[in-house]
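In what follows, structures are represented as structure tokens.
Shared between the two complexes below is subunit A, which pairs with subunit B and subunit C, respectively.
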Partner chain A sequence: MRVTIKLFATFRDGRFKVEEQDLSEGTCVLDVIQPLNIQAEELAICLLNGKDANEHTVLNDGDTLALFPPVGGG
Partner chain B sequence: MKFEGRYLRNKKTLSDEDQLKLANSCVAIVGCGGLGGYIAEQLARVGVGRLVLFDGDRFEVSNLNRQIMATELNIGQWKVEVAHQRLKSVNSEVQVEAIRGWFEEDRAPELLKNVDLVCDALDSRDSRVMLERVCHQMNLPLVYASIAGWFGQLGVSLPGDFSVSRLYGHGERGVESMWGNPAFTPAVLASLSVAETVKLLVGRVPSLRHAWLQVDLLAMEFERFEIQ
Partner chain C sequence: MGGYTGKVLRINLTEGKISTEPLNMELAKKYLSGRGLAGKMFFDEVAADVDALSPENTMYIATGVLTGTNAPTSGRFMVVTKSPLNGVIASSNSGGYWGAQLKFAGYDMVILEGKAAKPVYIAITDDKVEIKDAANVWGKDVYATTEALKAEFGDDKAKVLTIGPAGETLSLNAAIMNDLFRAAGRSGVGAVMGSKNLKAIVVRGTGKVVNANPDEMKNVLSAALGKIKENGVTGAGLPTYGTAVLVNIINESGIFPVNNFQESYDANAETVSGETMTANHLIKKDACYRCPIACGRYSKWEGGQGAGPEYEAVWSFGPDCGVHDYDAIHVANDLCNKLGMDSISAGCTIATAMELVQKGYVKPEELEGIPLEFGDAKGMVEWTRKMAYGEGFGAKLAQGSYRLAESYGHPELSMSVKKLDIPAYDPRGIQGHGLQYATSNRGGCHVRGYMVSPEILGLPQKLDKDSLEGKTTWVKIFQDLTAVIDSIGMCLFTSFALGLSDYTAIVNAVTGFNYTDAELLACGDRIYNVERLQNLRIGMTTADDTLPPRLLNDPIPAGPSKGSVHRLPELLPAYYAERGWDAAGVPTAETLKNLGV
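The block that comes next holds the complex of A and B.
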């Protein structure tokens, strides 16, 4: 299945902005972030097709996953 | 001294009626650092009648890179007191209340008495969630913003929305601990916050309710996400 991964803010550093990946059925968000060297604790916002998801959410063909790090400064 | 024509250049962005609404409004700015300093400066210039500033810190040398109120001459002074002095010299028609200390949830009804809107200019995720909870309890609109490096986020949370807890309730310490905050990011995010604040105060519909703006000054991208 094909899934579009979008990274935001500092997650783009040394990685990519957007990438389409070929993934096997049953892949969850955690399986996507591990090879990217992103820990689940570093995920502040995780959107699957624009809706709230988390590291355990299972992906489907055609999905778009958007991942954001915590931004807390003032 | 009278400064007739002070708001001449606000027209026709802001009508006389809008200007009057601003003059009769009170905004609390929680945090008077990178974001809060610029927010206070702009709200005073645009003509908001009363500002309540909260911050429990004094200026340090490391604030000089980005905090508009910080100068080489006021290192060591309380941020809210410096801001008070500066704002008086910018617009003496604005009443400023400077509260030297951190915002205490238990004292919220007293601290936010007569306030019409709250601007979040805090620097931690937990305190933002707390501030939203307080605002909702007191039926106050909240304009929130946060920054880290080249990046920022902002939006509007009206009572019952819980946008801040959705965005800031997960994840560890913000990436600003590694990326810091350069001069331009707080200035941009503060300006965006003030634009939303002014809209709410004059009775226009804010653009970022049930949504947030993801700001990337490295890629120069401003992307809006719905909070569903």
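The block that comes next holds the complex of A and C.
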């Protein structure tokens, strides 16, 4: 299945902004961040198709996953 | 007693009379300082039916009890007066260095009454206070005025607070600027200063603000600083990217308004993101007095450099106007700093005007050939300038988006609450934040209870942004806590890292008082209720606690929050009950008695 991974803020350093990945069925968020060397504790905001998700959420074909470290403003 | 100087400076500009009076400590204990104390004094001293731009309106420039101490971010002050935009108690917050300097000069607050016969400015050096002729600087922009008055004052350490041309022409989008780039931005406070023929206040203080318990303060401070440093937002996210880092988060959440809230997802958001700004435009970071966070930006653009832009201005002059040209956004933001305008409302007013043009309500012959279409960056910049000077159609823009849209028979196209423009979060996809827009005493404002923090950022805990559950309680607590932070002189951004008990500990160490957490939070509740009473006595009703019809009725058309509307009618009665207000949104006698209002 094809999933779009978007990284933001410091997660982009030495990685990428956006990438389409071919993943096997049953892949969860943790399986995506581990090879990227992102720890689950560093993950502050995890949006799957714009909705809240977490490291255990299972991905589906056509999903967009957006990952953010702690950031804020106002 | 520490923190407070105990002295208030009262200046009657009509009579040219300068006097000092002791701070009312009994009131200060109940209403703290800043927004709370000045709001209460305004409520008691200024009649409900006063015209905001008449000499009878009074302006309170009030520091916080912590302003000028060594508490982190303690440089803040509040401008409190009747808002010419909507008649409520305007309390516009600013940072920088001016507030601390006023405290060093020995004053908790400056009260400005009446109207000078001709343009003047006020010069303060400790006990020496003078009203001086401002003929040389009237008509000048904020940068030129600041430079000229500093030179005339002859002390480089003096701090300048001033209005620009927008305040002089009484634009309802006019801000009061200090330290060049910092703004008491919202509610049209710059026009009130302009209506008093008061151009600027220059202040130099040589005193100190004392802490009642210096030893306790050491411990309390090191704990607070540690939390600010360790927190991912205040210790890393904000310092690295500034507030514009929100562009991508808010957009990916599907609540990033585009083209005057006609859409809420922007496929081109990356072009104006905080990440892009940091990579291509950032020159250096900037911090207010005693701030370890340093969220301020100093940036370059094609042909210039200057402060900002912040997230809200990036959005208001950018995607809300359909613009994705960072240079143009910078220029418009710089015009706001230079000419003294609220960069949120100025951009939102142009976005409203663009929709009026798009729908054919504004006729092309009114526009002198200057484009006013979504996506036209050049036109957006030129209309920003013309708004500040009130030139041609710019004079209509200067009245703010609500009066503009109303004058064409379509007030529903103003994306405002109580005539104050809603900032950069579409409430349809964030229910608690939408409730807070609708119930904010000053109107469409994001910093009266920043529900984005729990609903998007997960601080202090993650709430489902689309759910209604528990939201009325959260909104009330956030509004009350914000009233506390606004009334002690610290920056709201510290609340990403600090909680109520941290603020209580700091206030107690500085003042020597013994507030409990509950007592301090009750001060916030009290402050909120006094502001509410002002809204009621000028004739506002529950019908004013609402959102623009588009946000209640038209589902978000596309993007991650597609299909959402704001469900205000389901929340409002429970919110009133939570506050101890009756079904008409009026505080009950029992509520007021319990709070000691």
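The definition used in the following text is that the second predicted complex is superposed on the first by the 71 of 74 C-alpha atoms of A that agree within 3 Å, B and C clash if a C-alpha of one lies under 4 Å from a C-alpha of the other, contacts with A are read in each partner's own complex, and residues count from 1 in each chain.
The rule we apply is simple: contacts are C-beta pairs under 8 Å (C-beta built on N, C-alpha and C of every residue); 3 or more make two chains touch, one makes a residue touch a chain.
Keep in mind that this is a model prediction, so the values were computed, not measured.
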Next item on the list: Go through the superposed model and pick first if A:G73 touches only subunit B, second if only subunit C, both, or neither.
Entry: both
- Task: Go through the superposed model and pick first if A:G14 touches only subunit B, second if only subunit C, both, or neither.
- Result: neither
> Touching A:L43 in the superposition: subunit B (first), subunit C (second), both, neither?
Replying inline: first
Kindly classify A:K51 by the partners it touches after superposition: subunit B alone (first), subunit C alone (second), both, or neither?
both
The shared contact residues of subunit A with subunit B and subunit C are 8-10, 12, 17, 44-45, 47, 50-52, 66, 68-74
Subunit B contacts subunit A in the complex at 31, 33-36, 120-125, 128, 145-153, 166-168, 170-176, 178-179, 181, 186, 214, 216, 219, 225-226, 228
Residue positions on subunit C within touch of subunit A in the complex are 231-234, 236-238, 240-246, 248-249, 252-254, 270, 274-275, 295, 310-311, 446-447, 450, 452-453, 456-459, 462, 464-465, 492-493, 496, 559-561
Counting only contacts in the complex, subunit A reaches subunit C at residues 6, 8-10, 12, 17, 44-45, 47, 49-52, 66, 68-74
Within their complex, subunit A touches subunit B through residues 8-10, 12, 17, 41-45, 47, 50-52, 66, 68-74
